[in-house]
Amino acid sequence: MSVKDFVQQRRDDFISLRRDFHMYPEPAWLEYRSAAKVAEKLIALGYDVALGAEVLDLDSRMGLPSEDVMKAAMARAMDEGADPELVEKMGYGKTAIVATMKFSDDGPVVAFRADMDSNDVIESKASNHIPAKIGFRSRHDKAMHACGHDTHMTMGLGLAEYIATHKDGLKGTIKLIFQPAEEGVRGAKAMVEAGVVDDVDLMFGMHIGFNEKLSNCFACSDHGFLATTKLDAVFHGYSAHAGGSPEKAQNAMLAGCTAVLNLQAIACHSQGASRMNVGVFESGTGRNVTPDVAVLKLETRGATTEINDYMIERTKTIIKGAAEMHDCTFEITKQGETPAGRISDDLAREVQEIIEPLGIFKEVPFDYSGGGSEDCAYFLNRVIDRGGRATYMVLGSAIKAPHHNPLFDIDEEDMLNGIVALGTIATHYLK
Amino acid sequence: MSVKDFVQQRRDDFISLRRDFHMYPEPAWLEYRSAAKVAEKLIALGYDVALGAEVLDLDSRMGLPSEDVMKAAMARAMDEGADPELVEKMGYGKTAIVATMKFSDDGPVVAFRADMDSNDVIESKASNHIPAKIGFRSRHDKAMHACGHDTHMTMGLGLAEYIATHKDGLKGTIKLIFQPAEEGVRGAKAMVEAGVVDDVDLMFGMHIGFNEKLSNCFACSDHGFLATTKLDAVFHGYSAHAGGSPEKAQNAMLAGCTAVLNLQAIACHSQGASRMNVGVFESGTGRNVTPDVAVLKLETRGATTEINDYMIERTKTIIKGAAEMHDCTFEITKQGETPAGRISDDLAREVQEIIEPLGIFKEVPFDYSGGGSEDCAYFLNRVIDRGGRATYMVLGSAIKAPHHNPLFDIDEEDMLNGIVALGTIATHYLK
Amino acid sequence: MSVKDFVQQRRDDFISLRRDFHMYPEPAWLEYRSAAKVAEKLIALGYDVALGAEVLDLDSRMGLPSEDVMKAAMARAMDEGADPELVEKMGYGKTAIVATMKFSDDGPVVAFRADMDSNDVIESKASNHIPAKIGFRSRHDKAMHACGHDTHMTMGLGLAEYIATHKDGLKGTIKLIFQPAEEGVRGAKAMVEAGVVDDVDLMFGMHIGFNEKLSNCFACSDHGFLATTKLDAVFHGYSAHAGGSPEKAQNAMLAGCTAVLNLQAIACHSQGASRMNVGVFESGTGRNVTPDVAVLKLETRGATTEINDYMIERTKTIIKGAAEMHDCTFEITKQGETPAGRISDDLAREVQEIIEPLGIFKEVPFDYSGGGSEDCAYFLNRVIDRGGRATYMVLGSAIKAPHHNPLFDIDEEDMLNGIVALGTIATHYLK
Amino acid sequence: MSVKDFVQQRRDDFISLRRDFHMYPEPAWLEYRSAAKVAEKLIALGYDVALGAEVLDLDSRMGLPSEDVMKAAMARAMDEGADPELVEKMGYGKTAIVATMKFSDDGPVVAFRADMDSNDVIESKASNHIPAKIGFRSRHDKAMHACGHDTHMTMGLGLAEYIATHKDGLKGTIKLIFQPAEEGVRGAKAMVEAGVVDDVDLMFGMHIGFNEKLSNCFACSDHGFLATTKLDAVFHGYSAHAGGSPEKAQNAMLAGCTAVLNLQAIACHSQGASRMNVGVFESGTGRNVTPDVAVLKLETRGATTEINDYMIERTKTIIKGAAEMHDCTFEITKQGETPAGRISDDLAREVQEIIEPLGIFKEVPFDYSGGGSEDCAYFLNRVIDRGGRATYMVLGSAIKAPHHNPLFDIDEEDMLNGIVALGTIATHYLK
């Protein structure tokens, strides 16, 4: 059966699957229910499924939550139907999966990567927000699939099912990578360091969404990846009674606010795009106590590693100066990091030739540079470094609000088209 | 028995009682366990005890927590030994107690007021912090008696016990007021509006602590009360992907940080002391999402109501401007308020003459102006307005760190002396 | 003739004299024309007039302008009618005068001090501003007598004339001190260090103005003097093309703006009034060049020297941190300083008894605490330190706008009353 | 004679000429001496020279200085040897020149544009700064040729001389445009609106400098022009005595500093480069007066007009909010503006083919995108709009410090090569 027909036949199931994932969003390193569901299905389809410490270099993980938080997430996942044995096997901070199916000794190793984690966003209850309207809004407090990873898992499983059920005549090996902790670019490095793509010849990453103009388009590469680093900064001051002895304070909130304004004011770099975002700021314990602590969660980005390094250096200088201004101490810790990703232009051109004839996309541009960061870069760069080829594709969708916004939503038809595209690419290279 | 001898005899019990209160600190409007313990003891001593809605004008309460929070606090209090019937009776936001004992129809009504709530401070675990060292550190997360209200309750009960056990020859009526929610100046107004001091002839408030110089001193008045207002400000912006579409953001954190810096920079007032404290600032949901919300909890203070009004007006202007700068909307809500308090100087002079001969204090100054705010002002002002007399006394103690600091601690000997002072004053006026 | 009658007779001349001074305002250390006019008149009245280096300890002067600026001011003064010989004698930075008249060897040395310099304010041209309306608005660019020193000189000369013309029966010595550079508290220290009040028994300072409520009142002391320090801070960064290489900048303007906001946000002190004013901020050379320099002119104040020291220490810390945040270097230089001043309360009480019977003032309060700073403090403190007595008096006047405002103006009737008061005081003590 | 030989022969004169221009830098609209010298030489060479109102649409000029400033500049220019008749003819704000030489009725009209104004930068006196070392450092206070316009004039005159002295066999018309006020992008629009390039077929702009890597390179186009807008913002507050009545202030400096920090923190745009530079900030009149005025001179830039518009809109919102925060009024005025420039790629390719064979440049890249803004864009866009072709070339030079820096300097050999390049291009198209 053609991929198109297959997807048409299974469309309701794929939509249900996506909505199920959407209802149970799990933040980075806590994807127990999602990963268990994914693994279960892959096993049922006949894949060799490796997970947990088998596919992670534990020391390369970044930005892990506390064990308490992980424990609670494991319990909740099991409450919500995750297979306890799989959850147990993943254990603390090991929610990674690699599924393999070998067709022949000759032929290429072709890998696809999907990510599984959700965002720290409270999903909108607005009546025009489809998940709220139809009833598959997030069941989890302060968590939402606001970046489309629910569809990524669904597309990965759709691809897995198509290949498993149409494997006659295929050569080589397919490798399906389900990565934890893409948000915060914390998870890919540990999988790459564990060697999971060291044997890969062709590597494909993909992301849904981006913006309205790209609706129903399929871009064969993204040259616009930004290198990024995720940092936490904590200021420690001294708290005093705000009315009775204000002069004794070492005001960590003033240090923090001064840092935020100056961080956001770091000069642009002439050699390419740069970004600063202080995404979270928490300071103070009580209204009438001068604040003795301030916590900043921030990220830098740069079109190149050099530009990102410039941002980091300025960040450190600013935080140090802000602390000193208010007689505070401080510490800075790294929570995640990824380089800019490389693309094999020839592979992207081939993809363009493979996808265009499908006739399901309005346009199939060679490139779309979205300006985001993605630790898929680790996979791409490792494969290219070892002589393979790699690209990262963009599946445009008419999103209702920017990524990470409480109103974010994609068009499910685009997700279905995505499965067709992935199935077609896989079949092409495995034939 | 003299008050001094009585306190000497009961010293271990009073110290134990204070440490028990210290271990179970309860923030404003959540003093279920504390209040239940206080009420239980007062009833046992033979007082007429009114509590809950009997002694509170419910509409005059300010800054109530949510019902969920209150419910959880009630459950915890019962877990920790509070009498379920009393907790039930207090119900949502009604943790106020007035205990009365009448000796004769003639003679004055003499009232004493103690407050019961704790601070939002995480108590230090440092080995030189006595509560940590000896083992009566706070059992409650993020709550601490860092302002000595544990000793206030103990002193109120010590006074209650002395009077109840030495009532022969007393005239008039004693009224013991145990107030909730002094922190944030949220509770006194509702008790005063309920009329609890409308029949009072002599009103006494008191606070322990202040600073090292005042150690073992007893000041007979505090003319330095500051008027204060507690405000919450919330900024609402729009969140976008920090890498992919930063220009779409309406950055509430920048609005908040700009507000904080400018609020703390409000010009001093030439006519007397003013204070601004933004005590809590929380903004943002995730590192790679531009922050769409910022919450500020702040307080203004002024030596006079006019100065406090100046601070409030400037505060509102600054918050509005900061919101507009970043295309954010905002709202400001009042969480608490108290005027500056008045003092009957002649009563304070009398107290000086009563206390000095006791010989237990290093010094007995007429006045100590601490620069704090106290909603005891409502009690003082109401009594004076209705023709009575009132003062607010300061029981100096060599505190280890400023009030509201994680290392705050008082000297328990000073607390014992405080009971002697209160017992002596009560006996003097009830004879 | 009584002082009242004398002033009545000479009123038009005194008003003309004040308006002449008003038209030619001269900033600190540049009072060449003013001082020459003053000296000329004093000499004509028969006083022994010492000026320049005779009455200044040159090393104790603070905040001198550059020689170029002084040279230009000298030339202008001569153009505007100053005696060239006197201007020459004063030379660079020596515009100080002490006039003495001795009546007998016995009797006290009674000293009066007036200041001569103007403010860096552009005088209003508004039609309701009397100097503009009548035509004696400042002829000098960016300079204005917006603090009443024009009337101080006039009152000093009025007193000088009355005493010189009514010296029969006087004992002791009168000493009239005309001080340069009161603005910025830069001049008094050098006169005091030169010993000009070392022989003084009774020292009187006085200021006109303050606020409407004080109109036509005479306060016999000012206990509200604030200690103050005047600092210049300069940030040095690195300038780059704002479009082509912004990342190379070390942005001194950002350092400066960050410093200003944080300086103005220094916490109030619980022990008394404090003040911070960054009065001048200049940064940058061109619109498309990133700013490599920022200059701040600021002042700290405190009710006590300790509070002022707290402000200075915080100031230095903030400037250092702000510089470091932006990889800038910085220097801080002191431009002026004065302690808080002391008052001989008994002398102030005597003055009250001397002035009240005159019947020319609405009220004669013992004290008015204006909240300003005055280097007259050096004179007061030195005289008191050496066993004499001193006070600083406030001559209330219904000012039209705050001191240092472009619309500042006093009521000339109050100035005339001021001469009566000074003449009466002098005569009282010299009799 | 070949251009190369011609330049070799005249090299000392061209170097002298450049150093003369360098010594007398004149800011925008004040280029009286420079323009008079240029016009004088062009007239002597036989060109038809139009200047002043003939070549300027007066209403399209932007950012003119005051008449006083222009008058002083005219006087100075005449003092420094400018022809009084020419200076007079240029008059107020009309320092523009167009020189034309027609060879035949057929053949193209080929135009070259040079700019003449200097920067508001104080030139370095450092011993390693060649102009200081050799002795041709700026004679003018606060003005410096820190962007190479001295060499642009020299190259324009070198080209003029070569063509005038080698006109045999030339066809068509050469047009040499000497533009005032490029800094601040204020002058080109008025020349274009006067129609000076309406008949032009081929338009060439050029700039020297940029960065070390580009040393001795010649780039045939610059596609990286940024659209830009120059704005002045003024905040008006209310000044009060900083010690005596600080609460009466409406602090314009706080409004300004808050604006600066927030302006520099405007979020980057995802669709391309953006820039903000507040280049000048001046606030306050005196140290002890609260500042009642703040002036900001700033510029926005964007890779596209849309991005620049985004920057302008955010700028206006921030300034308004900052003013409101401090009860200040404000006004914003436009001082200059230019769109992004267009390039005729085919013309740039032709130039590459013309220049490469000269063998005098290390490299001759098709494009160098410097990230600056240039109102030469008006010339380029007008010519292309009317059917002609245009390019803007970059003459790389190993600059010693970034453009607009006090240490900026170019290599004079590069300037000489520039004349060779221009002469070669002109000859090519006029043959």
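Per-chain residue numbering starts at 1, and chain names A, B, C and D are given in the order in which the chains are listed.
The working rule: contacts are C-beta pairs under 8 Å (C-beta built on N, C-alpha and C of every residue); 3 or more make two chains touch, one makes a residue touch a chain.
What you are looking at is a predicted structure, and each value in this text was computed from that prediction instead of being measured.
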- Note on the structure: Neighbours of subunit D that also touch subunit B are A, C
- Query: Measuring centre to centre with C-alpha atoms, which chain is farthest from subunit D?
  - Reply: B
- Query: How many angstrom lie between the CA centroids of subunit B and subunit C, rounded to a whole number?
  - Reply: 46
- Message: Just the number, please: Cα centre separation of subunit A and subunit C in whole Å.
- Response: 66
- Touching two or more other chains, which residues of subunit C qualify? 244-246, 251, 254, 258, 261-262, 264-265, 267-268, 270, 275, 290, 371
- Note on the structure: Touching subunit D in the complex, subunit B uses residues 244-247, 249, 251, 254, 258, 261-262, 265, 267-271, 290, 310, 317-318, 320-327
- Query: Residues of subunit C touching subunit B in their complex?
  - Reply: 261-262, 264-265, 267-268, 270, 273-275, 371
- Query: What does subunit A use to touch subunit B in their complex?
  - Reply: 119-122, 142, 183-184, 210-211, 226, 228, 230, 238-246, 248, 251, 253-254, 256-258, 260-261, 264, 275, 277-292, 294, 297-299, 301, 335, 370-373, 402-406
